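Order of writing sets the chain letters: A, B, C, D and E. Residues in each chain are counted from 1.
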């Protein structure tokens, strides 16, 4: 059987664990796929590379995919990546200094919150959390701070709170005088999609079988990840590509990985985007999901 | 120095030749508008093939400018330069100009010998060794054989000036335009350089135009001496020296004709105020 | 020019004075190791207060180097310079050196008048207008009154040289060290500059040391003439000119003493080969 | 030459200063600055030594170095070439000047998408980015250098009938070397910087990727070790350039 | 001079525009013919339309002002410090020895790599951005200044000494003007670099200015709008450079005189 080469743009974070597992455990090879993962910083170059045809599949967050699809770049979500489960902990949380006494969105009015980029998912959910907990999101200042610097920023009073992802979340919480204020993802909505694997319509039309194979193998990785989370081998694989020390990986609290994307969740995100002026005009969120994303291939 | 060439020379100096290097109606203006400087105001001058012409004139009258125009290095504002019947619009092959600013005209990144070699190294059939050998020969002629590996800034003013002389001679031009080439050397060196230039001039039969402030030098070396006026300069007069060749440092300078010419030219120069 | 100062001068020239600017056992080596050049090999020279001393010597012998050492601009490899009894380790106030490389010693970013003003603008009590007025005066003296707003590269060689003369004179130094200051000017301008320098020298009573290649010039201007040997240079002889002042361009040059001195010094210079 | 020796001996004080700053760093990290992003030097050294011993850092630096050199050679070489032509020939200057000045202020991050489209996400794109960044300082300096060449020098070449091409090579180029060399040195550091940045965009190779991963893995010891090593590499590369410069420009720097 | 130079320069100026125009037209052709993905590289005509919208809409003033403020402040700081230190380093062997190693260690460090300590010590505001940009501006000017100072002709320095100018005065009257052609070349390099760095800083800090707009539009794949802003940026750079050239002509006309 001939192997098909597939280039996938990823981000070296915990969210892409199933993909790396599927690669490490040979699930792709079993499907006759040779997957080459290309990390891109923060995923910024992932979707442009996808649109340019330099990679066939890209891991990216839902907002970017929606925005790209809106600009007729033909993105299609083929597999679920990361998201939130039915209850905390999430992969990201809102933290602040203990003595700042920040509890609800109301308390945040007039305060500064660190987000990694404005007009994107972290920012969106930070705003929605403020709204959901009784505050006015427009009365909060959002400052862009790279994730690794968020703890410094909070500690140095450059910001009042930060919406930070793992592993910085755990590290922040383990420092003294830091506390978790809330889980914005879960507070806003359960089971929301965060990261997905996308390809382009053009590639899909030509290679539907390849995509099915990819998703099938990827889903095996999801199963393995959910079953073996916390094991030695799990730590080893994760450490291999994130360079996180294995002992730190064990302490991370993770939601389960999903195999499908909830269309209602996507709808909800699109609604939130509209509400926050990120999207104008009609957008058919159903058309964004390829069938493999809602019905895992057998 | 044999007699034969000298006799030929004396003959040549006497009989006018076909136009060789010809300056016609040269005017030169610097700057524009209010700050215009008219440096040269209509100069006609024929340089004959093989002659030694000296040009004298007050400081700032436009001698350097005129020579640069003749060399094709500067364009006249009006007038025409022609060399062997062709209009000179760029430096024509065969004419070399020796800059008055000797310090500036040496390349600081080249050693003395490489500065001299610059004149010839690009010629067809030249290689580094031959260019160096040739350059060394000329450096020795100007008394700088032992300084060839120094850089220009390691030389005294007079030594730098001699390097430029060696460089110009090494090029073996058909017309050599010398702009105050001996201004910074002592009496003896100057005499030696006079002898050297005359000897090469007679051997290689090139045409020489010399700008100088030294009337003695002009008369001693030249077949003809042209006198320029103050700025805006014009040709006041051109005098045939009519002195026999080969010239001798003592005998020639004692000739009545020499003394007469010297007196005449000096008074020309000194009179201009009145 | 009155008689009185001239008489005083003649007296002063005859009677030796206290050490004023003194060079003792000066040696100067350039470079290191194999490529060493010994330029000056033990020169002793006393410059008397108020005198006019000329220095002559072959090209490259170390005249400029010696003057720069006397000016405190270069350090001797051996020996001591003292001025009014104090060792000279840096340019002492009151001594000004006029560079042989006139082209290089002008600031290309300054106009002619600003170049001259450079000599005085930093003095206490000076402002721009006064410095300019003063500079203008000296520019007019050297015949460049109409070029004050030009930049150096817009001047001819001789004009540039005159700017440096104006600048050095404007500084009104107590000791003026002149390094071939008249090499690029024509005969008439040169005579005018001679007269100018002598006049100021007598008015302002400064001490002058002049390096020149022109023996006539040396004898005509100086009280004493020092002759240097070839490199490594030493003082061959110092001659008192013993010519009366004020000096006159025609009368002085016809004095038997002048002719004798001229002959003597020239033969000194020309003999060195033998 | 003597001045150069003097500078070299004074450089000791430079290293003393650096040592003092590093001690200050150590002390600050141990006492009043407490952040994972500010580890003490001692920890950085240990982490660096381990990474070096494991062969991780040498591999990372090696892969960056060749990309950098390739991009630098292309960009700087072109910079000198175009600079000489633009500085010397009015027409070339007129034709390219506007374009150059319009393109120069464009930041690379802004044009990442089209770059990916045209050049992919691998070595070609990164080398192009490095070349792009190295190009301008060399170009600007070269043009300025060529324009400041003394007219007399050019006229000397003309009067000896040296061909225009040879004049460029033998007169204009050496005379503008003080400017060109300094442009080359500016670009060398810039090339290093941009290599790292380009490696942060995409791919899993080189210093940039290493810095990024280590930062996201909260291993600031390794991150700073790589940064210090980067500084050292830059220092050494600059030293090489200075060596070249001393040979080429001995005539220029005698003022110091 | 001006009259002839002008008439000679006229057609040349059109030549530069013609080059740019030709490239733009070629690009338009490429995109329209489909050989380049129009979603990533929009046709110039579309970009120009967007540009028209931005310019007539008037919302360009605010980000432009922010960017310019940041640029001028950091550029001025960076250049002033660099020329100052450069003069000292070029003049005094001790200062040179003291700072050269540090400078050469810091110079090749990428600003993103310095971001952790910069944010740690300077926070997120203008201070941090200005430091980052000023640092980038600083180095080219510094090494050009050092080079220029070292190239000062010793004769000119000796002229200052013999006329009794103090060493400090000589630095300002002799060394500085003589080094000016090199210093200005460095400042011109830094001007372009500074603009790039300001944009990148705004991209990373995300508080405003053209940089933030550009990256924000890039992230939302609005490439036509993004390129419209890049065109504004390019023209801004061109304009700044044109101003700089004027300044240069005034300051070092004596050095450029040889190329008339």
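Simple rule for what comes next: contacts are C-beta pairs under 8 Å (C-beta built on N, C-alpha and C of every residue); 3 or more make two chains touch, one makes a residue touch a chain.
According to UniProt, the chain labels map to these proteins: B, C = ABC transporter ATP-binding protein; D, E = ABC transporter permease.
Values in this document were obtained by computation on a predicted structure and should not be read as measured data.
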For this session: By the contact definition above, name the pair with the higher C-beta contact count: D-E or C-E.
Result: D-E
Problem set entry | Maximum centroid distance from chain B, chain identifier (CA atoms) | A
Problem set entry | Relative to chain C, chain with the most remote C-alpha centre | A
For this session: Return the distance between the CA-based centres of chain B and chain E, expressed in whole Å.
Result: 49
Exercise. What is the distance, in whole Å, between the centres of chain C and chain D, each centre taken as the mean of its C-alpha atoms?
Worked result: 50
For this session: For chain A and chain E, let me know how many angstrom lie between their CA-based centres, rounded off.
Result: 38
Problem set entry | In chain A, residues with contacts to at least two other chains | 44, 48, 51-52, 148-149, 152
Problem set entry | Of all residues in chain B, the ones touching two or more other chains | 31, 101, 104
Exercise. Among the residues of chain E, which ones contact at least 2 other chains?
Worked result: 37, 40, 116, 119-120, 153, 223, 255, 257
For this session: Using the touch definition up top, name the residues of chain E that touch chain D in the complex.
Result: 9, 12-13, 15-20, 23, 36-37, 40-41, 90, 93-94, 96-102, 104-113, 116-117, 119-120, 139-140, 143-144, 147, 149-154, 157, 181-182, 184-186, 188-189, 192-193, 195-196, 199-200, 203, 211, 214-215, 218, 223, 226, 230, 233-238, 240-242, 255-259
For this session: Within their complex, state which residues of chain E touch chain C.
Result: 153, 155-156, 158-166, 169, 173-174, 177-178, 180, 252, 254-255, 257
Exercise. Once bound in the complex, which stretches of chain B touch chain D?
Worked result: 68, 71-73, 90-91, 93, 95-97, 99, 101, 104-105, 107-109, 118-120, 122, 151, 153, 167, 171
Problem set entry | Residue ranges of chain D in contact with chain E within the complex | 3, 6-15, 17-18, 21, 33, 35, 37-38, 87, 90-91, 93-99, 101-114, 117, 136-137, 140-141, 144-145, 147-151, 154, 178-179, 181-183, 185-186, 188-190, 192-194, 196-197, 200, 208, 211, 215, 220, 223, 227, 230-235, 237-239, 252-256
Seminar exercise, completed: chain D residues touching chain B in their complex are 150, 152-153, 155-163, 166, 170-171, 174-175, 177, 248, 251-252, 254
